[in-house]
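Per-chain numbering from 1; labels A, B, C, D, E, F, G and H assigned in written order.
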Amino acid sequence: MPNPKIAVIMGSQSDLETMNEAVNLLKEFRADYEVRVMSAHRTPKEVAKFSEGARKNGIKVIIAGAGGAAALAGVIAAHTTLPVIGVPIETSGLKGLDSLLSTVQMPGGVPVASMAIGKAGAKNAAIFALEILGAQDKDVEKKLSDYKKKMAQKVKEIKLNV
Amino acid sequence: MPNPKIAVIMGSQSDLETMNEAVNLLKEFRADYEVRVMSAHRTPKEVAKFSEGARKNGIKVIIAGAGGAAALAGVIAAHTTLPVIGVPIETSGLKGLDSLLSTVQMPGGVPVASMAIGKAGAKNAAIFALEILGAQDKDVEKKLSDYKKKMAQKVKEIKLNV
Amino acid sequence: MPNPKIAVIMGSQSDLETMNEAVNLLKEFRADYEVRVMSAHRTPKEVAKFSEGARKNGIKVIIAGAGGAAALAGVIAAHTTLPVIGVPIETSGLKGLDSLLSTVQMPGGVPVASMAIGKAGAKNAAIFALEILGAQDKDVEKKLSDYKKKMAQKVKEIKLNV
Amino acid sequence: MPNPKIAVIMGSQSDLETMNEAVNLLKEFRADYEVRVMSAHRTPKEVAKFSEGARKNGIKVIIAGAGGAAALAGVIAAHTTLPVIGVPIETSGLKGLDSLLSTVQMPGGVPVASMAIGKAGAKNAAIFALEILGAQDKDVEKKLSDYKKKMAQKVKEIKLNV
Amino acid sequence: MPNPKIAVIMGSQSDLETMNEAVNLLKEFRADYEVRVMSAHRTPKEVAKFSEGARKNGIKVIIAGAGGAAALAGVIAAHTTLPVIGVPIETSGLKGLDSLLSTVQMPGGVPVASMAIGKAGAKNAAIFALEILGAQDKDVEKKLSDYKKKMAQKVKEIKLNV
Amino acid sequence: MPNPKIAVIMGSQSDLETMNEAVNLLKEFRADYEVRVMSAHRTPKEVAKFSEGARKNGIKVIIAGAGGAAALAGVIAAHTTLPVIGVPIETSGLKGLDSLLSTVQMPGGVPVASMAIGKAGAKNAAIFALEILGAQDKDVEKKLSDYKKKMAQKVKEIKLNV
Amino acid sequence: MPNPKIAVIMGSQSDLETMNEAVNLLKEFRADYEVRVMSAHRTPKEVAKFSEGARKNGIKVIIAGAGGAAALAGVIAAHTTLPVIGVPIETSGLKGLDSLLSTVQMPGGVPVASMAIGKAGAKNAAIFALEILGAQDKDVEKKLSDYKKKMAQKVKEIKLNV
Amino acid sequence: MPNPKIAVIMGSQSDLETMNEAVNLLKEFRADYEVRVMSAHRTPKEVAKFSEGARKNGIKVIIAGAGGAAALAGVIAAHTTLPVIGVPIETSGLKGLDSLLSTVQMPGGVPVASMAIGKAGAKNAAIFALEILGAQDKDVEKKLSDYKKKMAQKVKEIKLNV
């Protein structure tokens, strides 16, 4: 993977079940990406080092998934001016409301783009990352446009058995 | 404004007080932008028409602010593959929790990037829009980087009177 | 189904499990109805086209079920002056609180009539649709009245084993 | 008022500030209506008597606004098969979340159509009541259609000073 | 059961699983009680009739369990000056938060004494009913006092295997 | 006050504004009562001593108002088998949701009867205390019955200016 | 265990499943500790006696886990100036939101240090207790520092299979 | 201030109004402390540097106040094994629920001790910091004990004017 453009970061290994939705979508789109586990609370230096070097390392967009007091996306955003997309992981207790508020309620000056809680959010994080690239890349835009049409087509073809 | 790149849309005129945070930031960065009132519930055709034509009209990112059952950002995202950033407007009753959930809990396939509730979210929507452009524009990236440094500098210079 | 009067719309096929409560009630009442999957976010044009043509096509009431950032009922209501009844589908994360607020917190001018979250809400959407017709149709009113009596009778006949 | 068609009921006099939004809309539409204070908790017999006799007295739709443990709309719905529209009044403590859940979470068999919390909800209750009548009354439908167009027109004519 | 003193009412048969906690406690205390299913929304007349006649029929305290838009306890309280204890039944969607707010947020003038959501609340409703009787009945008070001591004793005798 | 029957306890002096609703109602009913400030967290021994001696001192019902992590009513209930009524005081931050859950979610075995958040709850605590006494005191019951009738009468006499 | 330094208290035996996370961490660190079941609501005198004597008995930190209207940590804190750490136990209904608010929303003057809801919170309570001791004990501090490094190392060694 | 023991950190200058409650209490106790503004999102390097060096610089306890997506306390805790106390600042929109969940819901391994939302929490953070020192410092313990007694005394001396 010599030319990664999208980084998918998650706070713990258990987040992979959710974040795989993002990874699989990126695979489907044949996007350049890398996937890593890094924790704002357990490996803060790695997060800082990664975030500060991200742009220089060719990364264009960062997706960060974390649960509970989900500081990961915000801490990454603190160290870079690249767009950071946050995925609030669903938690057993508060069902991801904690993750959502910790991800989305960023102070003025340091944005994180929050997706929905859980798997839908992870999938959408990947699509949104591609939309960012697609804003200036005709090829990606074409793929996204086709994806959107296929999605609509699938809905139209549903036959309900009622 | 012959070459708009960022569109700032809001659901009603009363949202302007919040959305001005975005507009002012874009002014400060001398970004190309346009501002419009359009409502997913009151002028749905205008929203559809605008969203479908946005890319062709040179728009690269769309910021959409709405409150309550805030469908605006999601409906725009339904019609385009441009990145759509949602700003949940604070409401008098539920304090923007309704706006937030209506904006962020999008189904898989149609992402909206939600910012924080209210003014901080509006400001961050503008910064995030610039980060999207900056991902592939050195100039914008430079300005964002300077902004980030100045912001940090201001914090460092605070003298507390305690 | 030559003369449909009640339309039951849902945002995705997975909503059918819930919305079947509405469909079954309509069957039981031998009502004229049609059932379709249409998504405010994935097939917005179909939603717009359906909603605008609904009255002309003989539809008198529209029931719309959706989950998460549930824009469906509101977007339909944006395109028609027919009464639109919303059913907030229960979601895995926030348990339908997101669906409820996205459905019910409509801005002044564009009403959606929200039912309860989940299956009870779907069933009640069908009854409420019949009540709307029954407001001016003696036959329907008679059936609703009988239904209400039977329901009460069933409660009265419960023998608790305590 | 010999031929009332829409009844506007509220649980206490202090709800009038909110419910006036409904009353004024009905006035604007020159609808037949009556307005009363009746409480599910303080005057339950009046509520029962009113609800049972409503259809016979020419009422076609009932709007009921109440706050807190807002039982009013549900109790009215318990006594009639007329469509009942609930308006959750905003409360000082829980901001109407209590009113909303008490109004909308009705059990299967006895629907209440909930509007948004507060003034927007009251206004929409009136429009929704008219939509119910309009489903089978060309005149009302025409007025609603004009109202919708004017509303859209107003949005289109907004000139933002940014 | 010639001399019932405590009435246990529930809104539907499915509430019995929860309310059995109350019934079993009353059995254990050999209290006089009766158990009935009655619904504020499906059999409102029975609720009114029961509540109005309760005092004359020798009832001293009423326990009422209901879920969702739980109007039962409040509607009973509307018809009597006997103390009414409400048990919010846990719901599948909102987990009883709806039941709790519908039960506890009564308007000034018509109190309902709310217990905790679910089984603990049902059990406590029975104990609280006995405390009401015990406030003026030495015998009941003695039993409650013994119960409290035994409960404490059990806690003290716990041997943890750590 | 030689023969107090109802004790009104509050956790801090600032709760008096709310709890005065209870005191005034008791005054209006010429009930025997006493009012004290005692804190589960700041004067726990006083609370224990008071609660243990309450029955012997002629108290029949205890009303306890507290806010935030409102332990007062529960701790009193831990020390007595008298009925304890809890009033959740409205807080500035969470608006009394914290007070309500801390008051009402008692474990099985130790009931607290929770009233509504704030002033309505305080007033109802007094009425409920009187209902407890009235369950076996014809005089109190008569007064409550008159109060209920007057309350209904007042509602019936409202003339709306619409 | 002649020299206990950390006391782990829980409100009921069923809390042990959660609190074992604290116990096991303390075991792993070979800390001096004791574990007891004591209930603010069912054995209030034991709680008072234990808390008042804790410092004299060589205890330096108290961990208290409880669910629902979780008064335990606060009541212990009322009786001692030792640091008290609260663990909100996850509840079936409100998922520990009730436990959290009852634990954390203490009034000014009587602090409780709340950890996260459930097992993560229990584990962290033990670590935090050790941090308190470690603030002035090099040995403990060394162990905590090693633990932190190992934790980071584990994260770094994760190999994702994507 | 040659020998600081307690550090009071806040995320922005506007937090000072709240955090002054902590500062004033520390003044009253003549504690050694220092106060600084540092932001996890705007000056992340300063936070990292400060936290890593804190123990070496003689700090024993860290108090950190922040609002919204309040990452500050958690990020500090990520870099040190000193006890970190979090104060969730009340926010205009969600009233500090966001701050609370972001502060308290820390993952296993990295504890933050959360206080109540707002001023009571800030005051308690200072008391709790002193309790930590007092666990092994007789002098501080004596002062805390006196403070507790005075607090109780004040409650006992309240004369209610009822």
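Just so it is clear, contacts are C-beta pairs under 8 Å (C-beta built on N, C-alpha and C of every residue); 3 or more make two chains touch, one makes a residue touch a chain.
This structure is a prediction, so every number in the text was calculated from the model and none was measured.
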Just to be sure I understand: going only through chains that touch, what's the smallest number of steps from chain C to chain G? 2
Where chain D and chain G are represented by their mean Cα positions, the distance between them in whole Å: 51
Nearest whole angstrom, what separates the Cα centre of chain B from the Cα centre of chain F? 49
Take the average of all CA coordinates in chain A, do the same for chain D, and state the distance between these two points in whole angstrom. 43
Suppose each chain is reduced to the average of its Cα coordinates; what separation in Å results between chain E and chain G? 35
In chain E, what residues contact two or more other chains? 12, 39, 42, 68-69, 94-95, 97, 104-107, 109-110, 112, 116-117, 120, 151
So the complete set of touching chain pairs is A-B, A-C, A-G, A-H, B-C, B-D, B-H, C-D, C-E, D-E, D-F, E-F, E-G, F-G, F-H, G-H
Complex contact set, residues of chain C against chain E: 90, 95-97, 116-118, 120, 151-152, 155-156, 158, 160, 162
Which residues of chain E touch chain F once you look at their complex with the stated criterion? 21, 55, 60-61, 81-83, 85, 100, 104-117, 119-120, 123-125, 127-128, 131-136, 141, 144-145, 147-148, 151
Which residues of chain H touch chain A in their complex? 11-12, 39-42, 44-45, 48, 67-71, 74-75, 77-79, 91, 94, 97-98, 101-107, 109-110, 112
Contacts from chain C onto chain A in the complex sit at residues 12-13, 16, 20, 23, 35-39, 42-43, 46, 68-69, 92-95
